[in-house]
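Going by the order they are written in, the chains are A, B, C and D; count residues from 1 in each one.
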Amino acid sequence: MPLVRLMRRPFFWILALAIAVFALAPVFGNNVALREALILDAVYITLASNLNLMLGYAGYINFGSIVFFGLGGYTCVWLVNSYHWPLGASLLVAGVCVSVLALIFGLGILRLRGAFFALATVGIVEAVQAFAENFTPWGGSSGIYLSGDIFTPLGGPARALWVIYFMMVAVMGLSLYLSYAIKSSKFGLGLLAIGQNEDAAAILGVPTPLYKALVYSASAFLPAIAGGLYFFKSAFIQPSDAFDLTLSTEALVVAMLGGQGTVAGVAIGAFLYEELRGYLLTSSMFANFQLFVSGALLLLIVLFFPGGLMGFIYRHFPRTQKVLE
Amino acid sequence: MKRLYLLAAAAAATAFAATSALAEDTITVGFTASLTGPLNVDSAGQQRGYEFWRDEVNAAGGIKVGGKSYKVKFVTYDDQSVGGRVQQLYTRLINQDKANFLFSPYSSGLTAPATVITEQYGKIMIDSGGAEEKPFETGNKYLFMVITSASHYLSGAIDALKKYDPHAKLALVYSDDPFSKAVLAAAAQQAKAAGLEVVMDESYSPSTTDFGPIVNKIVSSNADAFLGGGHYSDGATLARQMHDQKANMKWISILVAPADDKFAELGPAALGVTVPSQWELQVNFKPQFGPTTAQFAKAFMDKMHAKADYHAASGYTVGVVLQHAIEQAGSIETDKVAAALNATDITTFFGRVKFATDPGHHGLQAAHQMVLAQWQMVNGKLGRQVVWPEEAKSAPIMFPIKQQ
Amino acid sequence: MSVLLDLREVSKRFGGLQAVRNLSFDVRQGEILGLIGPNGAGKSTLFNLINGVFAPDHGRIIFDGIDITGERPYRVARYGLARTHQIVQPLTNLTVLDNCTVGACFGRKNLPLARAHEAAREAIAIAGLENRAAMLALNLTIAEKKRLELARALAAQPKLLLLDEVLSGLNPTEVEHMIGVVRRIRERGVTILIIEHLMQAIMGLSDRIVVLNFGQKLAEGLPAEVARHPQVIEAYLGDPKLAAELQGAG
Amino acid sequence: MLGVLASIIDGVLVGLVYGLAAMGLTLIWGVMDVINLTHGTMIVAGMFGLYGLASAVGAPPYLALPPVLIGGFLAGVLLYWVAVHRMVGRPPLMSLLSTFSINLMLIGLGTSIWGTALFNVEVALPGFSLGRYTFPGAHILAAVLAALIAASLYLFLQRSRLGKAVRAVANNREAAELVGIPTTRVLAITVGCGVAIAGVAGMLIGTLFPFTILSGDSYQLKSFVVTALGGFGNPVGALFAGIALGVLEGAVTPFVPVSWTLVIEFALFVLVLVVFPGGIFAARRGAL
């Protein structure tokens, strides 16, 4: 759907406003602690939104979304560290390379359906992590440490962290608009059809293998860039952090919590989940029980709000369905 | 609209929550600990060391600076053993909790990302849990390490082997993590320099659960001395399976796991296993500053209801070193304390502490020495004895390991 | 009349079962061709072979001058071949309109989204589902789901429509309605190949009939001819009720 | 050469236990399309059950088997009512979420009680030697027990009335309901059996290796691999696939650097999935 038509819908502007508030909130009062919390939110939102392209639209459960994030991180950090590329170029190359790789992976494993696909993606995470642990140019299991002066081109560490924050928010914003644009397009309709009934979709003329490979590849691009930014910011990357299966699982949980297949729901789900975890981690009351409390809260939500957050909102405020997508 | 409201509310909550007012005469020290996740055991030992120091200092009236005395206050969060959390939490410690000084999380993998933040804000961080050298080679100015770094972990074991069995055939089998790899890479070089033969040099994935085939491979390599391991469960499993499968090693050195008292659970499989240790109860250095080993061990036991291990001792030493530097500097200003740390050369019950000051290794430990401890039967119970270096030993070495 | 679909000696075997054997017939432009035969005669398999769900082991399938043998279903759909399913296959969590829009978008005309919506509404109107357009497909009744199948196939603006038992499970009123819809579709110039068990209906609807048994063609011809064909009667003797119906209809 | 043989035998022994563990997962998966993400933790629960009974009370380790079996069954039934029952009929894999939450709770609780400290159960059994290579008695006994339990499960599913009901529900739940099978109770029992088997497998693993509260992750991952290789919902396939995995680990180790074992294992896993989407042992799919 052309951009102009999207811009006529209120959701476009709601999204824009939300992203602007998100970007500017920590600027007031130079609130760096808030910035650090929000940048993790942005990472989760980016991961979950892109995962949602596969999960919510095409109906494929991907445990391997973290592979895109980690490989993007490695590519970017490696280019910056070994070849002294500028950050922007490294990020772009990371995004493109990982998307291409995803296309190749996708053509292989997208022949699988349902749980088989899900398991294959688990296998890919483990295989890629084990590979990175043995791959010497990436420092094997020791990973890559960046020296303190990598932040100099961005105006020193203090300024660099702000620059990285804004870039991350931009990546998050692009992810949300990408989900939104795909959902409102013919491509998106084809994906939704695949998600509902793949055989019927193919018989209706949806070119299923192509669409699946394309969306798998598309869902790799922004997470790869986010990974690049994230590990550049950490100035350190190692296989166990880059390919942490838990983060993939969390992204799935978040997308289901928010309401898979929706744009706003997934973003809010990611935001709330991460804020909740962050709060529990730093609250002295729950210090020893934070895992238990997060688990219990999640369970309650799963049991009593089956449609996810958006399902709940749609049911109780039916009018929102026209505005929030 | 709902979304906006939520965003704003959460932002406000994060911004205004926990504005800790800074009391007049307090020094705030911040760190994260791994309350959950795989690093939990080692991290807990270190944290107990930190806390014990704080309690001791406060009981003694605080740190004295120019006629004033400062009480020590801790702010600490759970980093879940995950690198990604560490940066968020250290930023929070510095900006929101206004920490004056920072201690390191446990492990090199978590210390490295934390360093990016502490250096950015020019805050001192003292490290006792990350032995890897790489973070010290990237030009940091405010990072200091009180423990011996990774490349010297097994120096003692190599020296001892050279003395007891110059013809030993070594199998180096270690976890695929940054710390273990750094330790064993250095050990391999030292072994070659000492004229020892390395017949197997391999790393395994940290998630390995069954070492059966690996032990068979060790047996096939004809090795009679084993150096390796890594972190917690893998090291213990290796020890047990070498024993179960009767690998008949004359010498076994395993990193980290045998330094914990729970290692005794392995029973006969633990007997004779040596572990490089930053510190043991039997080690006796004459402290210029702080308590003696005996005083420390007893007080720690009384207060924390746990036997002091090297993580606790090194954690405590972090505090002692900071306290010493502040008192020397006569100030709590970062630059003055950093200068005092650069000039530090003291011996505590933990051993001598002195930091490298050349830009290529700034902050790396330059003086502390490790010991080698061995699991032996003492009065019918398994316990650790210091067996190397010779001048520090508390019991004669058991060589070769007696198979039962 | 020109030939739209041409099957030449098509065979398909599943393990030990020869589902379709050396089958040849053609469907002519603009006609309604009925496909009948006892259960397990290979009718639905034949549909699956034509629209690419399975590839035949032998033989060729020519559609509108193009060899579509072994082409994937979505390619076949693009050439202008649409179908319905015996067991309905709605896209459950999409609205009726969206279901049909999918058909229109990815069918013969490959329409952009906005134009596809129009085409979908038109097809919905023909199928008589106007007041259900905004409903989720999963909330429809069985009869409505059958009509949705039809509307969705129609939205693709196909040259040839394969209808697989669109009348089964409907009550008499609904059957009447559906037959009307099928007639209206043919009037729009769409060629139809239809499988049906309701003899009365199919004999009345079809221009010609092809009878299958054990994957082979048993007879072919005008409805009245086929109904008198001795082998056909014999094939249906296993099912007296059907045989009686066949006689009655003929 | 002897070393290779020894590693392969080791692989068979340990593989039987992996296979048993995976049977617990595949049973639940096959019958009701639920991926039980507490599987790893249930394995660990079996280990701690063993530790509690053997080390704390001082009972012989293998006496822990019946209590672990019964405890696991009860825990499974509870898990069904808390986390799975409400998920039946929801969008596919919603149970992924609920079992994930339960797992967080269990791990959180376990970590705050025991930390990630190491536990070990000593089992002194005479082993068997082949040249310089020794197969510990505990490994042999664990393999034998795993095979016996797997065989009993197979017989239970094939022969008993209840087992047949389980298979009927797996095939077609609505049809089973129509012929009067109390499907809800059957589902609860299935989860009970799945968890009990996971627990027993954990108990057997506990006699082989030291463990921590987090040990379950690795075994859960292995169970996934085994389940996929063996075919979903195919307990017999799982047992063979477990042996295959164990043998692979054993056979590969002597020839390639140990650190590459996992790369090979998982790359092969993905490859097998793509080539044989029904699992290598799919021919025996009729087993359940």
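Going forward, a residue touches a chain if its C-beta (ideal position, glycine included) is under 8 Å from a C-beta of that chain, and two chains touch if they have at least 3 such contacts.
Predicted model, so just to flag it, every value in this text is computed and none were measured.
Any chain touching chain C that also touches chain D appears here: A. Distances between chain centres, each the mean of the C-alpha atoms, put C farthest from chain B. Separating the centre of chain A from that of chain B, both taken as means of CA atoms, is a distance of 35 Å. Inter-chain spacing, taken between the CA centroids of chain B and chain C, is 74 Å. Taking each chain's centre as the average of its CA atoms, chain A and chain D sit 32 Å apart.
Under the contact definition stated at the top, the residues of chain A that touch 2 or more other chains are 130, 133-134, 288, 290-291. Within chain B, residues 35-36, 176, 203, 205 each touch two or more of the remaining chains. Checking each pair of chains for touch leaves A-B, A-C, A-D, B-D.
Taken together, the chain D residues at the contact with chain B in this complex read 3, 6-7, 10-11, 14, 107-108, 111, 115-120, 122, 127, 129, 132-136, 138-139, 208-212, 214-215, 217-219, 221-222, 249-250, 252-254, 257-259, 261-262. Residues 14, 17-18, 21-22, 25, 29, 31-40, 43, 130, 133-134, 140-143, 145-149, 151, 157-158, 161, 230, 233-236, 238, 240-241, 244, 247, 264, 267-268, 271-272, 275, 278, 281-282, 287-288, 290-291, 313, 320, 324 of chain A touch chain B in their complex.
Interface residues of chain B, counted against chain D in their complex, comprise 35-41, 44, 173, 176, 202-205, 207-210, 212-214, 216-217, 219-220, 232-233, 236-237, 240-241, 244-246, 248, 257, 260, 262-263, 265-268.
Looking at the complex, you find that chain B touches chain A at residues 1-4, 6-8, 10-11, 14-15, 18, 35-36, 77-78, 80, 82-85, 87-89, 91-92, 95-96, 109, 112-113, 115-116, 119-120, 132, 134-135, 137-140, 176-178, 181-182, 203, 205-206. Contact residues on chain D toward chain A in their complex (touch as defined above): 29, 33, 35, 37, 82-83, 86, 90-94, 96-98, 100-109, 111-112, 221, 224-225, 227-228, 232, 257, 259-260, 262-263, 265-267, 269-270, 273-274, 277.
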